[in-house]
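There are two complexes below, and they share chain A, which is joined by chain B in the first and by chain C in the second.
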Partner chain A sequence: MAEKNEFTDINGKAILLDCQNYSSFCREFTVSSPKVSLCKVIVCTCSVWLFAYAVFFVTENTAVLSSAIIITLVGMMMHIHLVKVEHETLLIIGSLGVQLSTSYASGRESTTFIEMSRIKDIVINEAVYMQSIIYYLCILIKDSGDPNGIASVVPLFQSSKPRLNCLVQVYKSCQAIIAQTR
Partner chain B sequence: MVLKIFFPTCCNTADSGLLIGRWIPGQDSAVVLAVIHYPFIPGQVKKYLSETQNQSQVDLAVLGSWSLPKDGQEGMDSFLKDLSTIFPNSRWLQLSREIGKRGFACQVVHNRITPPDPAQGGTDKKDQIIFIHYDQRKVMLSQLHPIHEESPGEESSELRAVFHTVAQSGPLFLLDRYDEGPLKLTHWQSEGREASIVVELSKQAVFLCLCMIACVFVILNIWPVQFISSKMSTCVQTAYRTNHFQTVFSTKKATSHMEFMRKANIFVSFLVDMSLGLLLVSWLYRENHISQLANTLVKLSLYRFFLYHIHLWISYIRLMSPFIEMILWYVGLSACLGLTFALSVLSDIVALLTFHIYCFYVYGARLYCLKVYGLSSLWRLFCGKKWNVLRQRVDSCSYDLDQLFIGTLLFTILLFLLPTTALYYLVFTLLRLVVVMFQGVIHLAIDLINSFPLFAMGLRLCRSYRLAEGVKFRVLCEEPGTPLHLMMEINPLKCSSVLQRYRTPTYSCYPRDSWVDLCKKLFMGELIYPWKHKTTKTD
Partner chain C sequence: MGQKKRSGRVHPPTCPSETQPPAAARTLDPPNSSKARGFGREERARHRICMVSDFFYPNMGGVESHIYQLSQCLIEKGHKVVIATHAYGNRRGIRYLTNGLKVYYLPLQVMYNQSTTTTCIHSLPLLRCVFVRERVTVVHAHSSFSAMAHDALFHAKTMGLNTVFTDHSLFGFADLSSVLTNKLLTVSLCDTNHIVCVSYTSKENTVLRAALNPDIVSVIPNAVDPTDFTPDPSRRDNSKITIVVVSRLVYRKGIDLLGGIIPELCTKHHDLYFLIGGEGPKRIVLEEVREKYQLHDRVRLLGALDHKDVRDVLVQGHIFLNTSLTEAFCMAIVEGASCGLQVVSTRVGGIPEVLPDELVTLCEPTVSSLCAGLETVIARQRSGKVPPPADIHSKVRTLYTWRNVAERTEKVYDLACRQPVLPLPARLQRLQSHCGAFAGFIFSFLAVIDFLFLFFLQWLHPDHLIDVAVDASGPHSCWGPSFKKKAKDSNRAWPPGADTRHC
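Let's turn to the complex of A and B:
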C-alpha cells in the first residue's frame, strides 16, 4: 500500500513523501524534490545569450555566439546529470539492511546498501547550517574496534532536506522495523 | 525471526527435487546453490555431497525440498515430508511454486533435538521469510570490494559469506542435469555451458613461448653503467619493463584477486604500449618524416643558441649533421619496443642536445648564488652584525676600521655587478626551466601509460559485475499472502575507485617542494633538479 503526503523542506519548497509498505518488515520511503522550473531555465538562458550578444556587438566575432550556445547546452546537461536530484529513496528491510538511492533528473541512479550488522541506530540529529539549526535523519555505523563507538554517520535525504514533521514519520517507521527484527 | 533464503534465478523453473546449499553460521539465512532432481538415491546424494565438500571446503547440506508440480506429478506432499527424516537437519525448508504464479510458498519444519525452552517463549513464532533472488554466475565471478584477504572462518558480514560460498562452490557446478550419472543437478551451468577450446589452446601456447623470452633479459650490474643508466630515462624504463615481464610470465599462478588484476593490467598495458609504438613507427617511416625531423633538430640547435654557443659545440653539430638522419632512423626503430620507450628516447635526446644549456645554467646559478651570499654577508658587515654559525643566528660584532673599509668596497663592487649577473642567471634559468618542463611533460605521459590500469577499466566497462562495490535490492511485485521477494543485483565499483585501487606502481615520484619553496630556491640561486626517480634501496 502506498501513502503520499505533502511536506515542505527547510527552504519552504513543497516536497512529496511516498511511503510504500511491502510487508510488515519492509518499507520504502521516497522523497521527491520539485522539478526544474521552466521560468528559471528561460531566465538563465536569456541572460547568457543577451550577454553573449552584447559581447558580439562589441567584438564582431561570431565565435562568441556559438560558444555561448555550446556553454548553455553543456551546462544544462551537466546540471541535470550531476546536480539536479529528482527523488531520494530509503528502502529498509528488517534484519537485512538499509538501501539508500538517489535518482537524478537525467535518469542516473546512485545506490548504496548498508547491512543491518553494521548499523548501530537511525537517529534524528541537529546541525548548524549557515545561520539556522536544522534537523536531519542519519544512520550511525558501528565501529569494528570499539563496541560502543561510532565509526561514521551517514546522513539521509541530503538534497531534499525535509523538515522535522516529515523526518519524524520516517523515523518512527524505521525504529518500529528495527525493534521488531533485532 | 526473519529467515532469508538466497535463491538463484536459474533454479526458478527447475523440476522438483532437493535443495542443496549452505546455512550461513550465525545468521538466520541460507544460500541455495543447486537443485537435485527426482529420481535419486539418498545414499548417493550423501556420498556426492561429502565428496564435493572435501574438494571445495564449503560445508554443503541438504536444505529442503523444492516442488514445481508438472502434469502427472501429484501426491508429492507426503513424499516430501518423509525426506526430512532421511536428511536430518535443525530446519527443513519446503519450497513450492505453482506454474502461472510468481510467488513461492514456503514452510519451515523445525526438527528440534531438544524440546523448546519454555523460558524463551515456548511455542515457535511464525517465521517471516524473505526470498532474495540472485544471478548465480555473476555472483560467482564477482569480487566484493574492499577486499579482505584473510580466510573467512567467521564472516561477520552476511553478504560476504554469500559471495564467498558461491565463489568457492566451483566443484559443485561440474555435474549437470544433462550429464550421464546417478545425479541430475540444476544450477547456472544448466543455462548453457561456457567453454572455448580456442581460448584454452591459446593460453597454453602463449604461456610457453613467453617463458622463454623472459629468460633472455640480462641486467648489467657494473657501477659506472649503473650510474649512467640511472640517469637515462631509457634505461630506467627498460628495467621497469623487465620487472614487469618477470611478474607477468612467472610460472606461479596468481593466488589472490589483487595479484591476478595486477598481472592482467601489466599485460594489457604492455600490449597497448607495443601497438601504439608500432603505429608511431609506421607513421614515422612514411613520407620522409625522419628527414624532416632531422632538419628541424639541426636548425634548432644551430640558430636558437647562436650567440651563446661554444665553438666546440658548433663544430660538433656541424660534424654530426650528415649522420643525424641515419642515427634517427635506427633510433626510431626502438619505438617497436613500445611508445613509452620511444618517449623516453626522445626525453634523453632532448637532454643530450640541451646539455650546454644545463652547463650554462649551472655556471650562471653558481655565480649568482655566490654573489647573493657575498652581498648578504657584506650587508651584515655594513650594519655591524655577523652570522653566528654555532648558534645559527645573527649577532652584533665590532669590526676593525680596515675590515669595514675593505668590506664596504667589496660590497659596492658586488652591488654594481649584480644586474649583469642577475640577467645572465635569469636568461639561463628560463631556458633551463623550459627544457625541464618539456621533459616533465614527457615523463608524465610515460608515467600515465605505465600506471593506467587498462584491464581493470575494461573489465569495469564491459563486465561490470566482476568488480562489485556492493549490492542493490529491488522489490519484485508480490501477490498478497506470499513471502517477500527481492532481486539482488551487483552494484559495480565506481570508475574513480577502480583507478585508485588498481594503479600499477611506477618508478617516478613527484616533486617534494611546493611552489613557494621553488620560488625561494630560484631567488637564492640554488640549483633545481628535475624530478628524481625512486631508487630501489638494496641492503
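Let's turn to the complex of A and C:
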C-alpha cells in the first residue's frame, strides 16, 4: 500500500512524500526533491563562461578559457555527487530499528542504521537555521550511561527540509510504530 | 501563578526548568476543546506578546526576573508569551521554561556587557521570523541598555506591530555616554505606542530624556515574590545587632558611603555586626576599612550570592541598609522589608515611593545622615519598640505582587493595541520633527533601509512559507490543562531536556 503526497520544503519548492506501508510495524517514507533543472545548469554554465570570456578579453590568455571549462565540468560532477540529493528515505521497522538512506543525483547512496534499542524517541524540534527558524524531525539517541539522558540528536530529511505539515504526517506514523513496540 | 503553585516550585527564577518541546503533532488537531473554553469566558482581548531584551536567564539581575515573572503571570491570564534574547554561550536555539514559556536564544553577536551589537538592520531576518511564526501582536522591549530591545522596536514598527517599552533604569543628562544614550532613546521611543516605567521618578526621568508626551507613559512598579522572602526570627542572634547589606559592590550602589559608615558605627556600638553580600570592584574599599580598623570579626563579606541564598542572608539581620546613589525602583529594600527587617535607605531616585514611611527610614546620601538614621533605628531596636517581623511581612506582601503587575501591564497592552501603528511616511515625519535634524535624518534613512530590507525578505522568503509555530502558551496552548492531563495519563514520559543546541 503506498500513498504519494505533495508538500513543499521550507523554500516553497515542491517535494514528494511517498509512504510505503509494508505492514503495521514496517513503513518506508521517501522524500524526493525535484531533479536538477536544465535551466539552472545552463544559467550557471553560461555565467561562468561569460565571465571567463570577459577575463580572456582583457588578459588574452587562453588558459583562462580552458580552466573555465574544467571548473564547470568538475563543479557539475561535484554538485551531483556530493550536494544534490534526490531521495531521502526513512525505513522504520518496529522490532529492528530505523534505516536512513540518502541517494544523490549521481546515484551514490549512503545508508546508516540505528537499532531500536538505541532510539529513545522521534520528535519534531525547532532550530535556528541560517537566518530563519525551522521545524525538523529528529531521532533522539539514548545515552548508554544515563537511562533518561540523550547522547545525541540525529536530524532526518536534512537536505530536503520539508515543512511542518509533512513532518507531522511522518511523525504520526512513526509514533504509531514506536508505540506498538513498547 | 498562584501562591500554592509558587511554594511548590523549588526556585524557578534561578533555575527555570527545561522541558522538551511538546511534539507538534499532538496539537495539530483542530483545537475544539480550547475554543469551547475560550467562548465560555467573557470576551477579553488575548494578546500574543513577544518580550525582547538582551537580558534574560542565565544572566542574573532585576530585568531578567522581571521579564520571567511578568511572562509567567501573563501566561496564567491566558495570553501567549514568547521571549527573544541573544544566545548565551552554549545556550542557543529554542528552549521551553515552566508553563510553556518559550525562549528564543538567537545567535546575535554580543558586544559589551551582554548587550548585542546594533546596526539597526542585521537582526531583522531572525526577529521577523520570530514575529511571523509566533503571530505576535505586541512587541514588548525591556531595558534601555539593551540594543536588541531597541532593534526589535525598530523592526516591529517597520512590520506594523504594536510596541511597548519598559525602562528599568535612571540616567543622567550631563556626561557624554548619557547624552548619546538619551538621543538613542529619543529616536527609539518617539513612535513607540506605549512606555512603562517602574516608578514616578523613573517616569519623570524618561519623559525628560526622551522628550516624550507624558500621557503615553505608565508607571507599573516591580514586584517581589513574597513567598520567597519570609521572615524567620529564630535565625537572628539577638545578643547582637546585625546590619545586612545585599547589593552589587559598585559605585552606583554607594559602597564608598558604606565604607565611611562602618568604622564610625563600630566604634560607638560594640555589639554591632555587618553582613555584606555581593561582589564587585568596590569590594576593595570594604576590605581596606576592615583591615585598617581591625574589624575582621564584625564585618563579614560573603561574596557573590545566588538569588536563592539572598533570603538566608537577609533573615540573619535586624536592619537592612541600602546606600544606593541612584535607583529607579529598589527591589532590594522591598525584599529586606518582606523578610521583616528594619530598612534604612538613602533618599534617591524612586526609593521614597517604594515603601510606606513606617517601614523605611530615609536619609540623605551622606555618611553623617546615614549614621544618624541608623542610630535612631538601633536605639529603637534596643528598646524593643520595633514591630515584629511577621507584622512587617504581612504589610509588605500585599504591596507588590506580580499578579498586580501583570494586570496593569495587560491594560497597557489593550491600550497600545488600540493605537494605530504609524505608516512609513508619518513615521519619517515624526522622526524628523522629534529627533533633531541630524539624528532625525540618519534614522529616517535607516527606517527606509529597514523597510526596503523587509520588502526584500518578504520577496525572498514570503510570510506564507514560514510555518506558524505551535502555541505553547495562550488560548490555543498545547500545554493547557488538557495537555498536562494527557501527558500524565499516558505513561510514556516526554523526553526531558533534549539537546537543543542548533545552528
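One rule holds in what follows: the second predicted complex is superposed on the first by the 180 of 182 C-alpha atoms of A that agree within 3 Å, B and C clash if a C-alpha of one lies under 4 Å from a C-alpha of the other, contacts with A are read in each partner's own complex, and residues count from 1 in each chain.
Rule of thumb we're sticking to: contacts are C-beta pairs under 8 Å (C-beta built on N, C-alpha and C of every residue); 3 or more make two chains touch, one makes a residue touch a chain.
These numbers were taken from a predicted model, which means no experiment stands behind them.
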First (chain B), second (chain C), both or neither touched by A:Tyr135: second
First (chain B), second (chain C), both or neither touched by A:Cys26: first
Partner chain in contact with A:Lys120 - chain B first, chain C second, else both or neither: second
First (chain B), second (chain C), both or neither touched by A:Ile80: neither
Which superposed partner A:Val154 touches (first chain B, second chain C, both, neither): neither
Greater chain A contact set [chain C / chain B]: C
Which of chain B and chain C A:Leu16 touches, first, second, both or neither: neither
Touched partner set for A:Thr112, first chain B, second chain C, both or neither: first
Touching partner for A:Gly94 - first (chain B), second (chain C), both, neither: first
Chain A residues contacted in one complex by chain B, in the other by chain C: none
Interface residues, chain A side, partner chain B - complex: 22-26, 28, 91, 93-96, 99, 101, 111-113, 115, 117-118, 181
Residue ranges of chain A touching chain C (in the complex, touch as defined): 8, 10-12, 120-121, 123-129, 131-135, 140, 148, 150, 152-153, 163-164, 167-168, 171-172, 175, 179, 182
Residues of chain C defined as touching chain A within the complex: 20-21, 23-25, 28, 92-94, 104, 106-107, 125-126, 129-130, 133, 461-462, 465-467, 469, 492, 495-500, 502-503
Of all residues in chain B, those that touch chain A in their complex: 1-2, 4, 28, 128, 130, 132, 156-159, 470-473, 475, 478, 483-484, 486, 491
